[in-house]
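For reference, the structures are reproduced in the following blocks.
Two complexes follow with chain A in common, the first pairing it with chain B and the second with chain C.
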Partner chain A sequence: MKLLYYPGCTLKTKAKALEESAIEFARELGIELIEMKEWNCCGTSFNLTTDNFMHQLGPLRNLIRAEKLGAGILTTICSICYSTLWRANDKYKADPSFTHRVNFFMDEEPDYKGTVEVVHFLRLIKDKVGFDRVNELVRFRLDGLKVACFYGCQLLRPRELAIDDIEHPTILEDFVASIGGVPVDFAEKIECCGNYETIAEPQVVANRVYSIISSARKSGAELILTSCPLCHFNIDKSQVLLRETIAGFKPIPIMYFTELALYCIKGEYAESSFAQNLIDPHPSLSRMRTKE
Partner chain B sequence: MNNRLGVFICHCGHNIAGSVDVKRVAEIISRERDVFVATEYIYMCSSPGQDLLEKSIKEHNLTGVVVAACSPTLHETTFRNAASRAGINPYRLEIANIREQCSWPHYANPEEATRKAIIIIRAMLEKVRRNSILYPLKIKITPKVLILGGGVSGIQAALDIADAGYEVYLVEKESSIGGRMVELSETFPTLDCPQCILTPKMTELAQNPKIHLMAYSELESISGYVGAFNVKIKHKQTYVNWDLCNGCGSCIIKCPAKAPSEFDHMLGKRKAIFVPFPQAVPNKPRIDRDNCLYFKKGICRICEKVCDKNAIEFDQQERYTEVEVGAILVATGFKLYDISQIGEYGYGKFKDVVDAFQFERLLSASGPTGGIPKRPSDGKIPRRVAFIQCVRSRDPEKGVAYCSRICCMYTSKQALIYKQQVPDGEAFVFYIDIRTNGKGYEEFYTRCRDEAGVVYIRGKIARIIEDDGKLELYGVDTLTGRQLRMKVDLVVLAPAMMPSDGAKELASKLRIPIDEYGWVKEAHLKLRPFESVNSGIYIAGACQYPKDITDTVAQASGAAAKIIGLFSRAELMKDPLIARIDEEVCVGCGYCVEACPYDAINLDDKRRLAAVNPALCEGCGGCASACPSKAIMLTNTTPEQILNMVFHSTERI
Partner chain C sequence: MLLNGGGMIFYLKERDREKREKIKEISGERIDRCYQCGCCSAGCPTASEMEFLPNTVMMYLQEGDIEPVLNSRAIWICVGCYECASRCPQGIDIARIMEALRTIKLRQNYDRLRIEEKVKLEDYPTIALVATMRKFTA
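This part shows the complex of A and B:
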């Protein structure tokens, strides 16, 4: 199965491990992720001002090009790209006057017919492959590793785009179980990571992360998994700050769900794995035992 | 017959005369064919207005009248009665609606409004010219009522109607009457307990020879019409012969199987053979098949052995009763929004997050904890309790848009009783607005807040998490604008009120409209709140929309009075403006049967002809437009009349 895939900027810079592991993992599942040509910025965040017309043009231009390439489904791996592209697409399909205005304004592009569906990679695996199939392919089990799944906001809100139940999602936990890990439930799994406050108010983010990590630690987690590069960045980086400022603070490493998935099938990590981690996951991962 | 027509144009104060030039209309209309008098008056519906109408009919010897005024739904009957008094057949009078359909929408354009008024009156003149002389239909009334629902509204109405001397069939789907009210600890604002004010009524009802109580039964099917509904009632299997059972209770004592008690909202236990609560009416047990050892495993049968009366019937089948009634009262009540659907409060997984009914049981002297509130998780007395109001009420995105009306008051009551039972405990109420619109309500709320020391915090709780045996609330205090986190021992939710299970199916059986949430629609919110649009079907209590006990009882007695009024007449008069079939033309194709929304047309297979049931026909005209051979037509709205109306209203003035 070949699928068109939109990477977004972060996967080419700060989250290389996410892209590499996702593409390779997909290949193991029999899916070829083909990077779309001429992609541009996803919009970064969905603008909530009343007149947010200009902010929709970037994401819609991506969708127009995906449509031109004949893609019914456009896959995203980054949670934020998923959110912005999905919402621009939804707004375009739901509001005829907006549709008209976009096509009139972007007269250099063909009219967008609205045939593209934006799908997140995790949902895609669940629907097109099935976690049972993933389970069959697993050769290296995360024997006993306690994993806390952190969703953040972009995969779940607003409710229309949610890839699972918005208040108590379990899709990541189900995935972890399918690769042999022990998912642990924790109270703050869908709380805010601090988002872009990381630029102006890093202390706000640190407070959020402290709360999240405390909650995850209470449930015995040894590793946190996510699909969002911003959650990854905030949780990873803030813990360095917390370790320096709070005596006895014990960090929990964070990884992308695809990194672990790839390891479970191939027994190796992606090329860029660990290179961009500030809190080293190795001590946690060393607890895993291999089952052939 | 030579027509002698009169036209009476109402000013309706400024409502019509403000844009329609009524004098000019009268002058132009007076030149129309057959019109012997055309005049205007400031208020035609007033007493002098009606006198003018009557006098003119007699003076000019009129045979037909058009009153150009407001919508016929308002005053058609008024003017037809006046015409009748003056000696002409009331169906020879028609209303030309020049207010709702003319002066109001064309208020800004008097010229157009005046022109349109003339057209409307002309069309109506064409109709009146060909109106037949008709007499009202008479329908016999069976003076018995079927009441669906044995909560406080059904009980109140049953007693009122039986007191007036009419027979009542009261059908209740549970095995005891009492409804939601009997589950309460105490009632606001008087703090009467339902045991004191409701159970005496339940006993009275059971003893009343005019009332046939059918507990653990449901409406199976219904046919007929106002005055003569044929209803079939299903008696579900209780596996106990209630005619033989003397209610001694030996079977319950000996039964070894236990299950969560529905009456205690799953917080207490009951046996597999049980009465829901000690004061149940009828006080007869039923066997719950799902938990009975005999039905599950084929063993036990202890109840059968201990029963002196041989009342246990493991092979009992469903039974049916058919009765004819003249009216039906729907009193099916409400339920609470299911808290297991509420993700942010733990999907019902947290044992110490309870809904309002569960807390009522924890506060009730007859409840599972004897009236001392204890946590479901560990049985400890909670020292800090949070009450969250408007859970899915006033929340169109996730729940319902409406206010559930009773939660502000019962939350205050629950907090007050909690403080009485646990004086050193703390009670916090999270609210959006406090709504206390009833007699003594504001005073009651003030007492809870100021005297009992209940803490009111304006704001909603966004999330609850479980932490070390406590519940941590995340929220915001919207008066200070600060985020808050708080740990409590117990959380009581006040979920939205919803129509009872099965209310939608019942409404479709009864052919009564419901709104988007499933609440039964009244015929008119202000003027006809006791009845549905389907004649002969009345409504009472919280099946219409959220109501407290005070309003429920008021409506139940009101609906009872309406039903007693209906029964006090031997016959019912009905407008004869119904569909009629020309049997010479009808080919029996059955299109009209399909088109009729009231099931008023039957196909006579032998004669291959359609036949209209005059009692059921509402005169909507659906059949007339569906009939391919024009064999069926509406009395006084014949194709000839309609075509002439169209023809004359498209003529140039």
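This part shows the complex of A and C:
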């Protein structure tokens, strides 16, 4: 199965590990992710004003180009790209006057017919391949490793774009179970990590991360799993700060769900991936055993 | 003016009617629908960092007392995670109201921060940098 995918800026820089592992994991599942040509920034944060016309042109231009390439589905791996592209697409389809204005304004591009559907990679695996298939591919089991699945805000809210139940999502937990881990429930799994406040107010993000880690630790988590490059960055980086400032603080390593999946399928994974991690996940993964 | 909104009585001070209308226009939301249940503040993960809780922001807007919230830290702490909006029983999108308040400041040519003075750009993911510039600078 060949699918067009939109990488976004961060998968090419700070979150290379997410892109590399997602493409390789997809290949294991029999999906070829083809990077779309001529993509531009998704807009990164959806503008919430009513007069946000200009802010929607960036994401919509991507969708026009995806449509031009004949894609019915545009796959995203980054949670923020997913949210921004999905919402621009939704606004375009729902508001005829907006539709008309966009096409009139972007006369250098063909009119967008609205045939593209923006789908997150995790949802795609569940719907098109199924977690049972993931389970069949796994050759190494996690031997009871307790994994806390952190969704963050962008995959679940607002309600319309949620990839699973908005208050009690289980899609990541189902995924963890399929690769042999033990998913643990924790109170903060659907909360925000502080998002882009990491630049303006790093202490706010550190406080959020402290709360998230404390909650995950109470559930016995040994590893945190995410799909969002900004959640990954914030949780990883803030824990270094927290370790230096709070006596007795024990960090929990964070990984992308695609990295963990590859680890369980191949039993090893390119060390370059973890070079981007500040909190080393190796101790948590050392209990990995070959599946009988 | 005496208004009966959702069983609660508000004395509208009308101090800043024009600005309040602007907030309604930019956000597209009905401020008067809020009946102060506090679900937004209960759900907000960064409420503890704000000097005005989200429902307090709504109260100030209902009363027409705009300047204190417009100059608050609270509106810049909100990152639009949508916890408030998804739990509001009145269907008010509070994230949009927070965005409208920020937008009014930004359209007055206000910069919340100068990003290049604050951090080394290469240390941060591009998504955080672009979002900060879009949400915090005029």
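One rule holds in what follows: the second predicted complex is superposed on the first by the 288 of 292 C-alpha atoms of A that agree within 3 Å, B and C clash if a C-alpha of one lies under 4 Å from a C-alpha of the other, contacts with A are read in each partner's own complex, and residues count from 1 in each chain.
Assume a residue touches a chain if its C-beta (ideal position, glycine included) is under 8 Å from a C-beta of that chain, and two chains touch if they have at least 3 such contacts.
Just so it is clear, the model here is predicted, and its values are computed rather than measured.
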If chain A is used to align the two complexes, do chain B and chain C fit next to each other or clash?
clash
Contact-wise, after the overlay, does A:226 reach chain B, chain C, both or neither (first, second, both, neither)?
neither
Chain A: partner with more touched residues, chain B or chain C
C
Check whether A:15 is in contact with chain B, with chain C, with both or with neither, and answer first, second, both or neither.
second
Tell me which partner A:192 touches in the superposition: chain B (first), chain C (second), both or neither.
second
Looking at A:166, would you say it contacts chain B, chain C, both, or neither? Reply first, second, both or neither.
both
So, A:157: does it touch chain B (first), chain C (second), both, or neither?
second
Of the partners chain B and chain C, which touch A:284 in the superposed model: first, second, both, neither?
neither
Could you pull out which residues of chain A sit against chain B in one structure and against chain C in the other?
166, 188
Listed in rising order, chain C residues that touch chain A in their complex are 25-28, 45-46, 48-49, 76-77, 79-83, 85-86, 93, 95-96, 99-100, 103, 112-113, 115, 118-119, 124-132, 134-136
Residue ranges of chain A touching chain C (in the complex, touch as defined):
8-10, 13-15, 41, 43-51, 55, 78, 80, 153, 157-159, 166, 188, 191-192, 194-201, 204, 207-208, 211, 229-230, 233
Touching residues of chain B toward chain A in the complex: what are they?
342-344, 347, 465-467, 472
Which stretch or stretches of chain A touch chain B in the complex?
165-168, 187-188, 215, 218
